[in-house]
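Below you'll find the structures, each written out as structure tokens.
Shared chain: chain A. Partners: chain B in the first complex, chain C in the second.
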Partner chain A sequence: MKALLICEYREGKLLDSSYELVAFADRLGADRAMVLIGSEAEAPRVNGTVYLADAAKYGEYNPDLHKRIVLAAVERENPDYVVFVHSSYGWDLAPRVAARLRAGQVSEVVGVVDGKLEVGLCNAKLRRTVTPKSAKTVVTIQAGAFSPAASPQGSPRIERIDLADTASALEFVGYEPAEQKEVDLSRAEVIVSAGRGVGKKENVAVIAALAKAMGGELGASRPVVDAGWVEHSHQVGTTGQSVSPKLYVACGISGAIQHLAGMKKSDFVVAINKDRDAPIGEVADVLVVADVMQFVPALTAKLQK
Partner chain B sequence: MFVVVCIKQVPDTTQVQIDPVTNTLVREGIPFIVNPYDTHALEEALRLKDRFGFRVAAISMGPPNAEATLRKALALGVDEAILLSDRAFGGADTLATSNVLAEAIRKLHHQEGVGLVLCGKQTIDGDTAQVGPGIATRLGYTQLTLVDRIDAIDHLRCRIRVRRKLEGRHEVVEAPLPAMLTVVRELNRLRYPAVPMRLASQEAEVKVWNNEVLRLDVNTTGLKGSPTWVSRIFSPEREKGEIIGDGVHDPAGTAKLLIDKLVSKDLLPC
Partner chain C sequence: MKILVCIKQVPDMESRFKPNAGGEWYDETDLAWRMNEYDEYAVEEAVRLKEALGNAPEVTVLSIGPDRVGEALKKALAMGCDRGVHIQDPAPHAKDPWQIASIIAAFARDKNFDLIFTGMQSQDRGSAQVGATVAELLGLPCATTLVGFACDGNTVTARRELEGGMKGVVRLRTPALVTCQLGLNVPRYPTLPNIMKAKKKEIQAIPVAELLHEEPLAATAAVYPPARKGGGIILEGEVADLADQLIGILKEKTAVVR
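And now, the complex of A and B:
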């Protein structure tokens, strides 16, 4: 069994998530080869073949060209699995490759059990195992789900891929920066975060009051930021900030794995949630089963005494 | 020109419960909603209608009761609503689903030309994010995922310029029409149905297209046309944190227990 792992390269750097792909292949027990559209200096530190195409020529992302480079590597390696990280890059590119290969695709895999792929379902409350029936399968893995080796070592055998035709219907116009980070949560010792369980925008003030009473900063989960209740600079998780405070209090946060990946390095985690089965319980040291809007004011009041 | 919006009826996953005995999904009493990301695709289609006078068709594949979802779209102002429903479509994975949706779009295209297909970036019950791209590939349309702004549509040159939401930055790209866009929530704010529209939508027609209309090879639809299948659905096992107090019935007492615990761990000053 063989897996072709598609590395990710952004702003001139190989992303560490590329080593999560290696961890996934190891869990699957698959031989591996990798593809990097980047630069040789940034080649992943692994043994085995790395197909390298130059980002200076093909862009950090161009769907037409990157698809053709991946397909060229697929042709040479004939892998059983083609694996991406479930980031915006894999999100866009994986289904293009799957469609071209007429392969089944399994998105956002969180685990491997007996060679079967596990994916989350219904906001990670459930999991399902998916069995591919096609000859090749395209997979995206959830960021943070497969822990890579602490210090990857190895020397790749570089094979270059060049496309004869670099025409593309898509015209890259430019990048725009995301909103500035106004709050630096990475240095906070105490973070109190609001999740969807707070119910509505007006209720965020109640969580902010608890954060103040505990001498900490306000954090938030992605749904709350997406809904416009809290500024993006407060977001904790893979698309926000990664944090490692002494104390993390999750208020009404069910614990999507992207959020967990951003806060699981906290020393001590308190979860306040009405659902005792919510995935946040997986990383919480202490769980209070309650409606946040009933419990948090009581807690703040006691702290202020 | 048609703008086609693909919408899906999904269970409200915030209300999904697990049966503690059988460890399976409790299906009874779970409300169905329009997939939240799809509502933003629908909103954007209606804005394009307001701006450019495009006609909007909403399509959905699902069981007969998914008609309710399309009626909501009619209440918001779509011009046509079509339910793709047939036993032969049931049990489909993302590949087989995109096959049916693509065929319906092809049929609409023969009616009056399709310039844009809009989908939510993913569904909340399946989270696979593949159906939109599958449609684009089958139809040979430009694929633009994770769109958070539509900058311009140039009819003469048949081009569209959009902004895509990436990690830590945005990307602006220009591409040829027709195009399939998957959209994120930041794209727009939703409108609410006006009462007269809501009333009118009860009378309006939701067309139903079954496989006698679409005439697809049944080996490419439903369970038969699906290269992935789900062998097991289960509730993940995990170690739980310690549950303290009774937060529901005794918030004040539980707050005290929690504070004592944090003080004993030196996480709060005495």
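And now, the complex of A and C:
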């Protein structure tokens, strides 16, 4: 069994998530080769073949050209699996490669159960195993689901890939930096976050009051930010900030995968949710089954005494 | 200009879910259904483009599923789409994303749409495959995960959401397909007059068999609830007692509450 792993590269750097692909291949027990559209200086520190195409020529983001580079590597390597990280790069590119290969794609894999790929269903409230029915399978793995065991070491054997034709229907204009963070949640020891369960914008003040009573910062889940209840700089999750405080209190947050990915490294997690079965319970050290708007003011009052 | 929007009807994600009797999907009994949240942004963006162009473009909205998806189509029509297409399929969940994409591509192939909008993923299956696969099958340029969209004649400028709040700006020529991320716009609520008007709009019904020519490339083996990890403590009862219990635990287990 062989897996072809597609690295990620942004702003001139190999992304660490590329090593999660290696951890996934090890979990499958598959031999591996890698593809990097980047630079030789940033080649992953692994033994084995790394197919390298130059980002200066093919862009850091150009799914049109990157698809053709990956397909060229597939042709040389004939892998059983082609694996991406489930990220803005991976979920964008993987289906295009899969369609060209007429390969089944399994998205956002969180585990391997008896050799079958396990994914979430209904916002991780259920789990699902998927069986491919094609000769090759394209996989995207959930960011953070497969952790590399040790710091990477090895020296790759570089094989270059070049395309004869670099015409593309798509032009990458450039990056826009993230908005200036007014709040640096990454340094906070305590974060108290508001989710959709707080009900309305006015109620966010109640959560902010608990954060203050605990000497912490206010965080928020994506729906609350999209609704305009809280500024984006407070957002925790894959598209906000990744945090690892000593204490994380999730108030009315059901626990979408994207949110969990941003906070599950917290030392101690308290979840307050009226739904006992909410996915946030999976990562919570303490789950308080209660209405947020009743429980939080009571807790704040006791802490202030 | 001709625009297509592809929408899916999904259960309310606040529901409790359990596997169905066959163990190959979730049980649909007693679920409330609504338009996939990502697709609401797709509908809104398509309608805004139509309005910006003096209502000249025609916006077609398409959905695949049983009779109940008529409700999602009616909502999209009330938001401003012009005509609906209901691809009738009693069991869309039994088709993999490849088949769903092939059905949409088979419908769209000879229609000359200039722009196709989809959500970036569905809230239930969450594969994030269908949009990009449709584009690939139709040979269209495609940008996914949009939080910004502008269309100037036949050029689309798309702002893609990347990790950590960064954006990537991409330009592509129409005809093209884009997939929409949450926060792209603020989807409107249909007004009563527009709901009434929508009732007169055409919804064309097409049996799925007419458009499905592909075998699945992946199949669900089993559906089951997640195992509870870590052995966390669950506190239930009176609010005042709960607060005391929690403070006790935090004093014992963390250094941040004293």
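Keep this in mind: the second predicted complex is superposed on the first by the 304 of 305 C-alpha atoms of A that agree within 3 Å, B and C clash if a C-alpha of one lies under 4 Å from a C-alpha of the other, contacts with A are read in each partner's own complex, and residues count from 1 in each chain.
Here is the rule we go by: contacts are C-beta pairs under 8 Å (C-beta built on N, C-alpha and C of every residue); 3 or more make two chains touch, one makes a residue touch a chain.
These numbers come from a predicted model, not from an experiment.
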Chain B and chain C placed together on chain A: clash or fit? clash
Message = Quick check for you: in the superposed arrangement, does A:I158 touch first (chain B), second (chain C), both or neither?
response = neither
Fill in: Which superposed partner A:A149 touches (first chain B, second chain C, both, neither)
neither
- Query: Touching A:C122 in the superposition: chain B (first), chain C (second), both, neither?
  - Reply: both
Quiz item: If you stack the two complexes on chain A, which partner ends up touching A:Q241: first (chain B), second (chain C), both, or neither?
Solution: second
Check: After lining up the shared chain so the two structures overlap, which partner does A:A205 touch, if you call chain B first and chain C second: first, second, both or neither?
Finding: neither
Taking the superposition as given, does A:R222 touch the first partner, chain B, the second, chain C, both, or neither? second
Overlap of the chain B and chain C interfaces on chain A comprises residues 10, 61, 63, 87-88, 91-92, 95-96, 98-100, 102-108, 116, 119-134, 137, 169-178, 190, 214, 226, 239, 246-247, 268-270, 276-277, 279, 281-291, 294-295, 298-299, 302-303
Chain A partner, complex, touching residues on chain B are 11, 13-14, 16, 18, 25, 93-95, 124-130, 133-134, 137-138, 142-143, 145-146, 161, 163-176, 184-186, 226-236, 238-248, 251-252, 254-256, 258-259, 261-262, 265, 267-268
Note: in the complex, chain A contacts chain B through residues 10, 61, 63, 87-88, 91-92, 95-96, 98-100, 102-108, 116, 119-134, 137, 169-178, 190, 196, 214, 226-227, 239, 246-247, 268-272, 274, 276-277, 279, 281-291, 294-295, 298-299, 301-303
Residue set of chain C touching chain A in the complex reads 11, 13-14, 16-19, 26, 96-98, 101, 120-121, 123-129, 131-133, 135-137, 141-145, 157, 159-173, 182-183, 215-226, 228-230, 232-236, 239-240, 242-244, 246-247, 249-250, 253-257
Residue positions on chain A within touch of chain C in the complex are 10, 61, 63-64, 86-88, 91-92, 94-96, 98-100, 102-108, 116, 119-134, 137, 169-179, 189-190, 214-216, 222-223, 225-226, 232, 235, 238-242, 246-247, 254, 267-270, 275-277, 279, 281-291, 294-295, 298-299, 302-303
